[in-house]
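Notes for the one structure printed next.
Chains: A, B, C, D, E and F, in written order; residue numbering restarts at 1 for each.
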Amino acid sequence: MDKRLINWFKFASPQAFYPLAGRMMPWFWAAAAVFGIAGLYVGFLVAPTDAQQGEGYRIIFLHVPASWMSMFIYLVMAFWAGLGLAFNFRLSGMMATALAPTGALFAFLSLWTGALWGKPMWGAWWVWDARLTSELILLFLYVGFIALQSAIDDPRRADRAGAILALVGVVNVPIIYFSVKWWNTLHQGSSVSLTKSPSMAMIMLWGMLLCALACWMYAIAVALMRVRTIILERERHTEWVRIELSSKE
Amino acid sequence: MLEVSGLECVRGERRLFAGVGFRLSGGEMLYLQGRNGCGKTSLLRILCGLSPVTDGEIRWRGELIGKLGEDYRQELCYLGHHNAIKEELTPLENLLASARLADEALVEGAALDALEMLGLAGREDLACRYLSQGQKRRVALARLVNERRALWVLDEPYVALDPAAIELVAGLIGAHLQRGGLTVLTTHQAVNITAGTVRELRLG
Amino acid sequence: MLKLVRAIISRDLRLAMRRRTDIVSALFFFIIVVSLFPLGVGPEPELLRKLAPGVLWVAALLATMLSLPRLFADDQRDGTLEQLALAPQPLGLIVLGKVLAHWLVSGLPLALLAPVLGLQFDLSNDALWVLACSLLIGTPALSGIGAIGAALTLGVRGGGVLLSLLVLPLYIPVLIFGAGAVDATVTGLGAQAHLSLLAALTLGGVFFAPWPTAAALRIALE
Amino acid sequence: MFWNSFSEFLAMGNHGVYVWGSVGVMMIAMIVEPVLLIRGHKSLVARLKRQLRADRRTLSQG
Amino acid sequence: MLKLVRAIISRDLRLAMRRRTDIVSALFFFIIVVSLFPLGVGPEPELLRKLAPGVLWVAALLATMLSLPRLFADDQRDGTLEQLALAPQPLGLIVLGKVLAHWLVSGLPLALLAPVLGLQFDLSNDALWVLACSLLIGTPALSGIGAIGAALTLGVRGGGVLLSLLVLPLYIPVLIFGAGAVDATVTGLGAQAHLSLLAALTLGGVFFAPWPTAAALRIALE
Amino acid sequence: MLEVSGLECVRGERRLFAGVGFRLSGGEMLYLQGRNGCGKTSLLRILCGLSPVTDGEIRWRGELIGKLGEDYRQELCYLGHHNAIKEELTPLENLLASARLADEALVEGAALDALEMLGLAGREDLACRYLSQGQKRRVALARLVNERRALWVLDEPYVALDPAAIELVAGLIGAHLQRGGLTVLTTHQAVNITAGTVRELRLG
């Protein structure tokens, strides 16, 4: 085994990761706050009114980041889960478990903000189009993952069963993303793409990106926080947790 | 042929046992003892590869069983707390189906003989749901009559049996040992097996 | 290899014949759910014709799903599953056999029965024909995907309902293409594209699903 | 600055309910989640410490 | 008497809390089934509004029904049912307790959730309100009638599906009046009459059903 | 107190036994013996009123049990092949729930003592699904510790128990007999009960 691998294993152990996560957390909180304030400032105070949609379009600064995060977190969760299944790292299962509720929250927020946007724009809270439906499925997948894990008491077994589900469910993410391309629907297509030039006003794009970054930082901070709780709970009988706890006394 | 060393078993937060080791060669039987809940069933399931090994090694013919995989299972016969018989099927159908799934050739005549040997003559064609507790156990044990795999792992085979049936099963195990087979067995009753060598291991 | 799959199928079919009520009742469940809708919705033929593909497919999906919890639970309860896991062949193959057997007793009869029920909804001959085809092509995917859910929830508290929670979202693509095929025929478009996609889903479902299922079963046995 | 008055800002061109509904729920969610997490973490630490103390006491006694 | 009913309810609720996923998953099953229909039928709002009462009621009915097989099966498998049958009080009272507990964990949450789902179908406020009321009044009858079916199919081969076969026809009146109440509101007629009939069904179901159920249980135990 | 006469049992087309009769009064135990499938379980279930009587009479304190109904069940405690415990609940909850359903007053302290007596200390709060086979049986048997009903009907109570636990259960039964209770018991193992009077009955 070479040195780099050993290093990796060191941080893949809950014992090493717990204090590291504690130290990183404040930075992510600070970054989330800064990006969030900047994004909202740009989105709500600087950006001009949209010609077609009026002021209602400002929901975009919340809706798009939430939608992106819900999909991205699922991918990350599946990645950690798969890693845990393949190599039996204890930490990766915990990461997957920690990410799921936040992912579900963002999926819910995407639906909520989308619904509040749809009422003024399309005249209905909800329509059954492909993207909306597949986002709803994503929420169901998150809930299924959480329900499955909480139904199994043995954490090791819960991790592994959850991992299989997460990996099987990954097929849904590309479906959401490409649904607007594959079926022509009510919902807007991508306006941010790497190949074409942005079709939105530059300032709106900036607002959206800043908000997305804020959500990103927030998600990382919350996941770190939750994983610390999970680590403590699962490792409560180990010596290092005892030392950790008594050192705080 | 079967070597176990430094085996550990943790359930929940409880370490059931640690540092368990033994060796077993052809014609030998391990008689596993211990009070209720000391981890006998857990040990047997680890031996079969049903539960993962957390610490320690299990070697079969010198190789780790995890590596051997199917080759190990090919030589293994496990009989657990549950009977692994279908209540809807008759004893005969159960016996034939389980042989087929284990990839063994068993003709109907041999199966009928096995059932008769275990005192189930006249019940071959009655769905197992109607059998008494002891009769169900006998159906499960009828598999052993024509079983020629090397390693038998039996978890409390005598439960619910009457003394005559216990004698009979003990005879089957004895014959297996004399053919050079290995057996790992737990029971809270007397084993009364005279053939082969019986080693004892007490957990907890 | 093939011998093993055959052995599993024949055992499961024999068990199914022994509890023949299982098959018959799944069919009756299908019939009843389909017949409930006109009761709940009202009898206008125009409305019913529009409803038909969706209702028939949803009912087929629910009927398949109802029999899923028992796919492995019976085997686990009586210890047979341990024996299967200890068999010298790959567990995935055994699962494949069970999936095929499940389809033979649940999906196939549904597909054969559906056209008759379609008549209640005043569907055209073409549409009836496509309905049967789509069910024939699509239901194996339901059995395959369902097996994953059944294995994951095996021995888990509240298994039955948790199972439907896990499996139904994964069934949605099958439902969309299946009902879409019939709908396309009713509205005069071709069903070709939908059916090909359905076939792709089925191939994927039947040959890919047994492996995660086998992994989940091993976890359940630990 | 783009807005003429604060009330105009609140009205959001007659879409105030929708816009502020989205902002509000998202804010609440993103504040409640960390608060719940912090509380959960604190109560877990307290529980574990209690257990630790109980363990020590039984050890020192027996 | 009342003490016994309370003891049963508290035990069953405790079991339900222990398997909390059961309740949550039944709710999600409800949500998912309701969401499946628009997928199968297509997204036109006009059509969906007409469908809504039927779909919501049928989904509630299926969600209740799914949890029925376990109403007594768990108790039978582990021998608790024999103990209950040997208890010195009338078995009918014990069954009454179990029916009430079943409603508390299955029917009640459905009724509370239904209005939210109704929004997806673009229902008016009045209709949503009547929907919740009709479910609140009607679901106890589902639990009561379902108990009879659960007891009759106890330990019978293919129980789960046979159960739905027995129970669904008996559910039809509840479905008709329940969906009818919502429908009447949507079309501007009063829902009063439908709701009263529903209440009568429920009273009958809850207080009459435990006795045949008890008899069926005794037969199942022989 | 318990009088049985001319009892017959038919299963399918098979007559398991006929003309079975015995009398049991306070402090006496009936030890029912017989090979697997001779109808012991069937007899016990008929005694409890779970299966109908086809021919013969069962009288409790001089009256037919069918007539007595609830009054008979009030004095009866039955323990079958199955344990009647919920896998999701903990041993403590199981014990309390079953007492509550049987309309008996059992405080938590007494329940904990009963569990400790059966060697389940430290497992009171672990869901029963994790217990070993023998531990599950012990949870079921813990009911007997505070059971004061007159007639105990026990179907193979010793199954899966280790010798220490068997001793303990035998002690419980002995104490029950000395209090003037009645017991009907089957087992394929030795009963070793010294208190009270033991009558034997061999079926088949």
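Assume a contact is a pair of C-beta atoms (placed from the backbone, for glycine too) under 8 Å apart; a residue touches a chain by one contact, two chains touch by 3 or more.
Worth saying up front: this structure is predicted, and the values here are computed from it rather than measured.
Among the remaining chains, those touching subunit C and also subunit D are A. Interface subunit B/subunit F: over half of the residue numbers present appear on both copies, so the contact uses mostly the same residues.
Annotation: B-C is the more contact-rich of the chain pairs A-C and B-C, by number of C-beta pairs in contact.
Averaged Cα coordinates give subunit C a centre that lies 45 Å from the centre of subunit F.
Each chain gets a centre from the mean of its Cα atoms; for subunit B and subunit D, those two points are 55 Å apart.
If you average the Cα atoms of subunit C and of subunit E, the two centres end up 25 Å apart.
Per-chain CA centroids place subunit B at a distance of 30 Å from subunit F.
Multi-chain contact residues of subunit B (touching two or more other chains) are listed as 12, 81, 88. Contact of a single residue of subunit A with at least two other chains is seen at positions 133, 140, 143, 147, 151.
Contact of a single residue of subunit E with at least two other chains is seen at positions 18-21, 25, 28, 32, 39, 42, 157. Considering their complex, residues 18-22, 25-26, 28-29, 32-33, 36-37, 39-42, 47, 50-51, 53-55, 57-58, 61-62, 66-67, 69-70, 156-158, 160-162, 164-165, 168-169, 172, 175-176, 179, 183 of subunit E touch subunit C. Put simply, subunit C touches subunit A in their complex at residues 148, 152-153, 156-158, 162, 165-166, 168-170, 172-173, 212, 215-216, 219-220, 222. Contact residues of subunit A toward subunit C in the complex are 85, 133, 137, 140-141, 143-144, 147-148, 151-152, 157, 160-161, 164-165, 167-169, 172, 175.
Against subunit B, the residues of subunit C that register as touching in their complex are 3-4, 7-8, 11, 14-15, 18-19, 74, 77-80, 82-90, 94, 221-222. Here subunit E touches subunit A in the complex through residues 19-21, 24-25, 28, 32, 35, 38-39, 42-43, 45, 48, 119-120, 122, going by the rule given at the top.
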